[in-house]
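The block underneath contains the structure these notes are about, expressed in structure tokens.
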Amino acid sequence: MPKDMTETRDIFERRESEARSYCRSMPAMFASASGSNITDAEGRSWIDFLAGCSSLNYGHNDPDMKTALIEHISSDGIAHGLDLHTDTKGAFLRAFEEHILAPRDMDHRVMFTGPTGANAVEAAMKIARKVTGRTNVIAFTNGFHGVTMGALAATGNGYHRGGAGMDKSGVTRMPFDAYADGVDSAALLDQMLSDASGGIDAPAAIMFETVQGEGGLNAASPEWVKRIAEIARKHGALLIIDDIQAGVGRTGTFFSFEEMGVMPDIVTMAKSISGFGLPLALVLVRPEHDVFGPAEHNGTFRGNTHAFVTARVAIEKFWSDDAFQRELAEKAAQITRSLEQVAALVDGARLKGRGLMQGVDVGSGELAGDICARAYDKGLVIETSGNEDQVVKVLAPLTTPADTFRKGFNILLDATRDAVTARAKLAAE
Amino acid sequence: MPKDMTETRDIFERRESEARSYCRSMPAMFASASGSNITDAEGRSWIDFLAGCSSLNYGHNDPDMKTALIEHISSDGIAHGLDLHTDTKGAFLRAFEEHILAPRDMDHRVMFTGPTGANAVEAAMKIARKVTGRTNVIAFTNGFHGVTMGALAATGNGYHRGGAGMDKSGVTRMPFDAYADGVDSAALLDQMLSDASGGIDAPAAIMFETVQGEGGLNAASPEWVKRIAEIARKHGALLIIDDIQAGVGRTGTFFSFEEMGVMPDIVTMAKSISGFGLPLALVLVRPEHDVFGPAEHNGTFRGNTHAFVTARVAIEKFWSDDAFQRELAEKAAQITRSLEQVAALVDGARLKGRGLMQGVDVGSGELAGDICARAYDKGLVIETSGNEDQVVKVLAPLTTPADTFRKGFNILLDATRDAVTARAKLAAE
Amino acid sequence: MPKDMTETRDIFERRESEARSYCRSMPAMFASASGSNITDAEGRSWIDFLAGCSSLNYGHNDPDMKTALIEHISSDGIAHGLDLHTDTKGAFLRAFEEHILAPRDMDHRVMFTGPTGANAVEAAMKIARKVTGRTNVIAFTNGFHGVTMGALAATGNGYHRGGAGMDKSGVTRMPFDAYADGVDSAALLDQMLSDASGGIDAPAAIMFETVQGEGGLNAASPEWVKRIAEIARKHGALLIIDDIQAGVGRTGTFFSFEEMGVMPDIVTMAKSISGFGLPLALVLVRPEHDVFGPAEHNGTFRGNTHAFVTARVAIEKFWSDDAFQRELAEKAAQITRSLEQVAALVDGARLKGRGLMQGVDVGSGELAGDICARAYDKGLVIETSGNEDQVVKVLAPLTTPADTFRKGFNILLDATRDAVTARAKLAAE
Amino acid sequence: MPKDMTETRDIFERRESEARSYCRSMPAMFASASGSNITDAEGRSWIDFLAGCSSLNYGHNDPDMKTALIEHISSDGIAHGLDLHTDTKGAFLRAFEEHILAPRDMDHRVMFTGPTGANAVEAAMKIARKVTGRTNVIAFTNGFHGVTMGALAATGNGYHRGGAGMDKSGVTRMPFDAYADGVDSAALLDQMLSDASGGIDAPAAIMFETVQGEGGLNAASPEWVKRIAEIARKHGALLIIDDIQAGVGRTGTFFSFEEMGVMPDIVTMAKSISGFGLPLALVLVRPEHDVFGPAEHNGTFRGNTHAFVTARVAIEKFWSDDAFQRELAEKAAQITRSLEQVAALVDGARLKGRGLMQGVDVGSGELAGDICARAYDKGLVIETSGNEDQVVKVLAPLTTPADTFRKGFNILLDATRDAVTARAKLAAE
């Protein structure tokens, strides 16, 4: 490694906070990326099945977005515009309305929050509380909604919850769909809310992800989602779908809840909405619930102008007709087939998730971690999820070519085989 | 206006949330910007004395940052890297250490939080609570720290607080420096904390801005800051300085607390830290308090790679020697002189703030709003702040040329004169 | 009615708060009482199947307690002794140790809290939090633990919860035993607590009543109680049994949890512990959890000296051998038989509760209320319970003679018959 | 000591919780009491200058109350009546209306809460929150309002606050009258509440004691009380005066706030309201704020029938004309004169409190404790108060004869002299 590079490396040890994480298991210093490939400063390349945790659904540095962004910057386009009107924001909104909202009969307003998913979740929860005059938000086991104090109350993960150093309030936890054997969690929720002494305060909102990305790729059934929507309506609560990880095509449709027969009152979006991996987050809210006054929920970076440029291109390029969505269906099927091969290598393993948000529960976090570590060494970036990190999770760019998918899965198969063999050897000793 | 532009305009009415704010008093559709000037889609230009609320301290589209960013994008540099090591992050950290931290004898670690100031504040509060095992954070009248639930508890503004729709907890409010006539607020705080029945729980942190940007440009005296630092130490609390708006040169030095003889345990930064107006936020934390485990406070966009590119250039360009800081001293003096002229036009008006973060308290929000509206019509973007919006606030880019400053102030003088005259006329009727 | 009495009556309307309740459905002005009978100022008598909501388990004005109390007062015995040592407190403690704690192998310490059940619950929750350093207390659907803010958080009833006018915190609600069809609530609780992302913070305590008195006489099975005790131990939580209503012989044994194979860490007691209906409450806590410092939980009336006098007599009279307990078993069987007759009159009615804490769920609060109103008119004081007030609840003094029981049940049968007939008539119209 | 007595003594060690407190510094086992004297089981007598912490304002076992109570019990009067109408409750209410409320032009309703001061405070806070729809209650440094979670949030004492094991919410702490040198605490409160960014949420209530009994006998000036009442009205908050310790004649008038020109919206009472030291508490609330529904705030022992008997006698005996109040003025003057003699013995000592609620701040908790310990040994029961236990507090029965007062003060003088001498000796060594 050249001296300069070594020094640069040292700087992370010396000056970056211990809160850093991904770089610990994937210590390369990355320098460039294109499509589904990412390359480090020494020229080594990996296939990327992590895709910025679903923030790079269209891959790295999509050429059309790249061109548009460079052009914008070159011509002194606005880089930071607070929440002033800009031509780029207008163009994004028009594309979003034309290709996303209108075709899905969604009359939602778009609120640009601070450019993080957590900020969108905070805004959504505040809106629901302001609309209903109630405090309580129903959230679910294994849900992940961010780590700022309002959102963290809704997040299930104990490690993140502990980071707060204080109690969280305003959220009631309920079991997610199919969480506990024999428990009809929608029926239980309805019973407790209907019971005058059920002890759960009338809810402002019911909030969930249709596929729990961090929680282990638990996919709610369409029936459950529909029943929860009905329970929300029955009890005067808003339905919030947190589509930050599962949205923007990840499950095979733009929104994860399409084809489920529900219309959420509020949808939160972030991660891939900018198309290019740039920070952007937004809240979709039905007009009758668009109750914030001017700047009542504010923030300096609400609306990232560069991200508007790439987000517009992404929408026009991928969602102006149904070609891309049809491709996704094929890819999802390929992923299922490939993961079945992986699962076959591990006793008791089972597939999780849906669409392009699938994985294999290999039964233990240790094994899943070992598989991912071996995959990394072989040239594949891939990560685990789940309450015990027991799920090997494929979050490849939606645009990954079939051939790259194949190569990636071959590495994953090899890594799994090696890990299983090593484990058997260890057990035999 | 061309048809296309009208349509674009309509989209905001139709689809953007009512939470939008600045665009209401400054309805132009902005399209490009350079230095201290901003231009709308119809070609009309304004001098910018708002600078993205201090997010554009180096002006719009600084040519050196622009070049570096375009080069980065063109060469498929990483756009989104989670918290993986990247060459750009490394280069930023090295520059930040060399030109900012080391010369100021700061051994702080850098934590990249979600790219909003509020997220940095949330992380800072969580760290203090985790370090101390205590919950209570002391914050002050007129402080502004963001609107996510944890940060909002520390924010004084009642309008923002009300947006939560629920109670905030974990914060005790105290009067800021010079808040109430005859009240030594540091002494009062110390007395209440020292009193076994004072009723204020032992604090995890004392947090404040040295100049309250949103609160009306209230500048704490160096003596008060020093005493608060001592009180924090005495009572086992961490000292958090929120330098989101006042930092990055705004008060005349890189950090607002330099030359005050204090060393905060935690510093929050956002707004201008990227140099280019791109979303980026960070927390500086002394190594002994760098207690988060890996990803304990996480978020997809922690670390914005494009922002690292421009942030590095900004630091190398402006802070590698003391030339820029010396310029700032001169500019601050010019601003004071100019604002004295403005203040002279309004009975009872008085100057607020310090450095390049000064303004005039004109005594009423109505008058201040009228002045800013008239300035906008005459070609100057400028805003109010304060609990009654009574302060006309100058947040011009630090790089504003003397001539542009002069032009801007002339507009401000005209606008003030007109507003005062109109008011007198109205009163006479 | 004599003039004086009318005036006395008016005073309630004129000066007593609207919070008054029982007097609304039972408007007599009561003047004297003895055993299981209560008499109003005009000389009309009622059989009392309410017994001060289980505060008069030994009936009104037990002659032995009465004699002892009069003697104490006559001889200038201490009436109020703060928490100083008094001969009467000592004598009570000795009797309580000898006849209650020692025979049941309980090494618990006795803490005298303020003389209300709610205060005992508050103390119990505080102890559990102090012992564990955790905040979260698991409570259950339909539980009732009092209406002060700490206890109210654990109470399920929405009407009472609403009275707080603010959010309650520190409690997680779970379904009680047999709450929801097909839901094994102990298994669900264990699963959620065991799940690293279950979203329920590690509990300080699990708290419940073995028979939910206000919640509708829901009796937990011994198996469930035992499993909950194991879950508490497994997760490092204290087991709190709130025996305020179900204790002191009400279920047939002194404590309601005897013969269940569990030993609670903390037991709360109030209501009948004084024997005479005088205010007294206490917390039994295992020595290793007796962590409060002197007066850390305090209050002026902790320890009611008059109540110690009667409480000692009650214990010596009723619990020094097993004669009383054997009687209770017979009486419980008689109640079951009688209530079966009542239930037979109402379609779909079913028996609830156990021991001398039984009732009939008649399916609607309206019907149950009508039955109780008719019973009152016929000379029986009896009340409803349950989340819809749908359970007619028998809480007769444990000392009620067989003949009085018979008379009382005959009234109840008549009242039920009349109510059912009236309902049928109404339905037929 | 006879064997039986020794055994009784052991029982406290063996079975009473560590939370016991007064018995630690005053270890006698008390057995009888009359007027201002209290006698232990061995026949030793003390003059009582503690009076059950102001719960025995009419002394121990007042003969008229005693006679009435024995007669009530002998004739099988109701001992426990839930909140049913009873003749005794009616008679109490009539006497309270005629002799207390009507002459003072108070139209308040009487709510009988659970029989503890804390329960009355909890009810008061809940009422204010329900009436206003707001959460925040303003309380003050050194205030004491009880240790249940709602009341504890308002209590200033850190030791008690720590006992909760969790955060308290819903209360903002402000400096009490004359708390900090040079701080006009009423003006500061008004400024912070009037400031749109003051960061204190609009209050439901402002609550305080006019003389802080536990907090060190800090007496608010009438002017301050009046200003706080005005601030409450101005900001739409209810005025709650907690008269639990300072009421029932303790300051020289029945209520402590008489002659201050204020009419509280809510008054809390407990301690001496029963006259005899029996548990009883009540909330006085103006009719327009009497918003609880039936049993919305409930509890088994709300309304203690025995206490109604004695409370009625107390009111008729002491408050039916102004003779008693005139006596109190004389006694208060005597106390002042006597305490001046005590204060003269200690360098820097100063008098605190007013009326019959006075004491001497001797500058250190150690010295005050030593004085009280020596007084106890010489035959006087007396206690300290204050944030450092630095105030020797005289809470003698209001009925204490002049001669007994003299004897008590002589003991106190001796004890003080001895303590000061011992201290000087120690310092000299």
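Chains: A, B, C and D, in written order; residue numbering restarts at 1 for each.
Rule of thumb we're sticking to: contacts are C-beta pairs under 8 Å (C-beta built on N, C-alpha and C of every residue); 3 or more make two chains touch, one makes a residue touch a chain.
It should be emphasised that the depicted structure is a prediction, and the values quoted were computed from it without experimental measurement.
J.: Taking each chain's centre as the mean of its C-alpha atoms, give the chain farthest from subunit C.
T.: Comparing chain centres, B lies farthest from subunit C.
J.: Return the chain pair with more inter-chain C-beta contacts, choosing between B-C and C-D.
T.: C-D
J.: Nearest whole angstrom, what separates the Cα centre of subunit C from the Cα centre of subunit D?
T.: That pair's centroid distance is 30 Å.
J.: Cα centroid separation between subunit B and subunit D, in whole Å?
T.: 50
J.: I'd like to verify one number: the distance from the centre of subunit B to the centre of subunit C, where each centre is the average of its C-alpha atoms, in whole angstrom.
T.: That gives a centre separation of 58 Å.
J.: By the touch rule stated above, which residues of subunit C touch at least two different other chains?
T.: Within subunit C, the residues that touch at least two other chains are 135, 159, 166-167, 169-170.
J.: Of all residues in subunit D, which touch subunit C in the complex?
T.: Interface residues on the subunit D side: 7-9, 11-12, 14-24, 26-34, 38, 41, 50, 52-53, 55-56, 60-61, 66, 69-70, 73-87, 89-91, 93-94, 96-97, 101, 109-112, 114-119, 122, 126, 128-130, 133, 135, 146-151, 153, 159-160, 162-167, 169-170, 204, 270-271, 276-279, 283, 285, 290-301, 304, 306.
J.: In the complex formed with subunit A, which residues of subunit D make contact?
T.: Result: residues 166-167 of subunit D touch subunit A.
J.: List the residues on subunit A that touch subunit C in their complex, please.
T.: Going through subunit A, the ones touching subunit C are 135, 139-144, 155-159, 161, 167, 169-170, 172-173, 175, 179-180, 182-184, 187-188, 191-192, 195-202, 214-216, 386-388.
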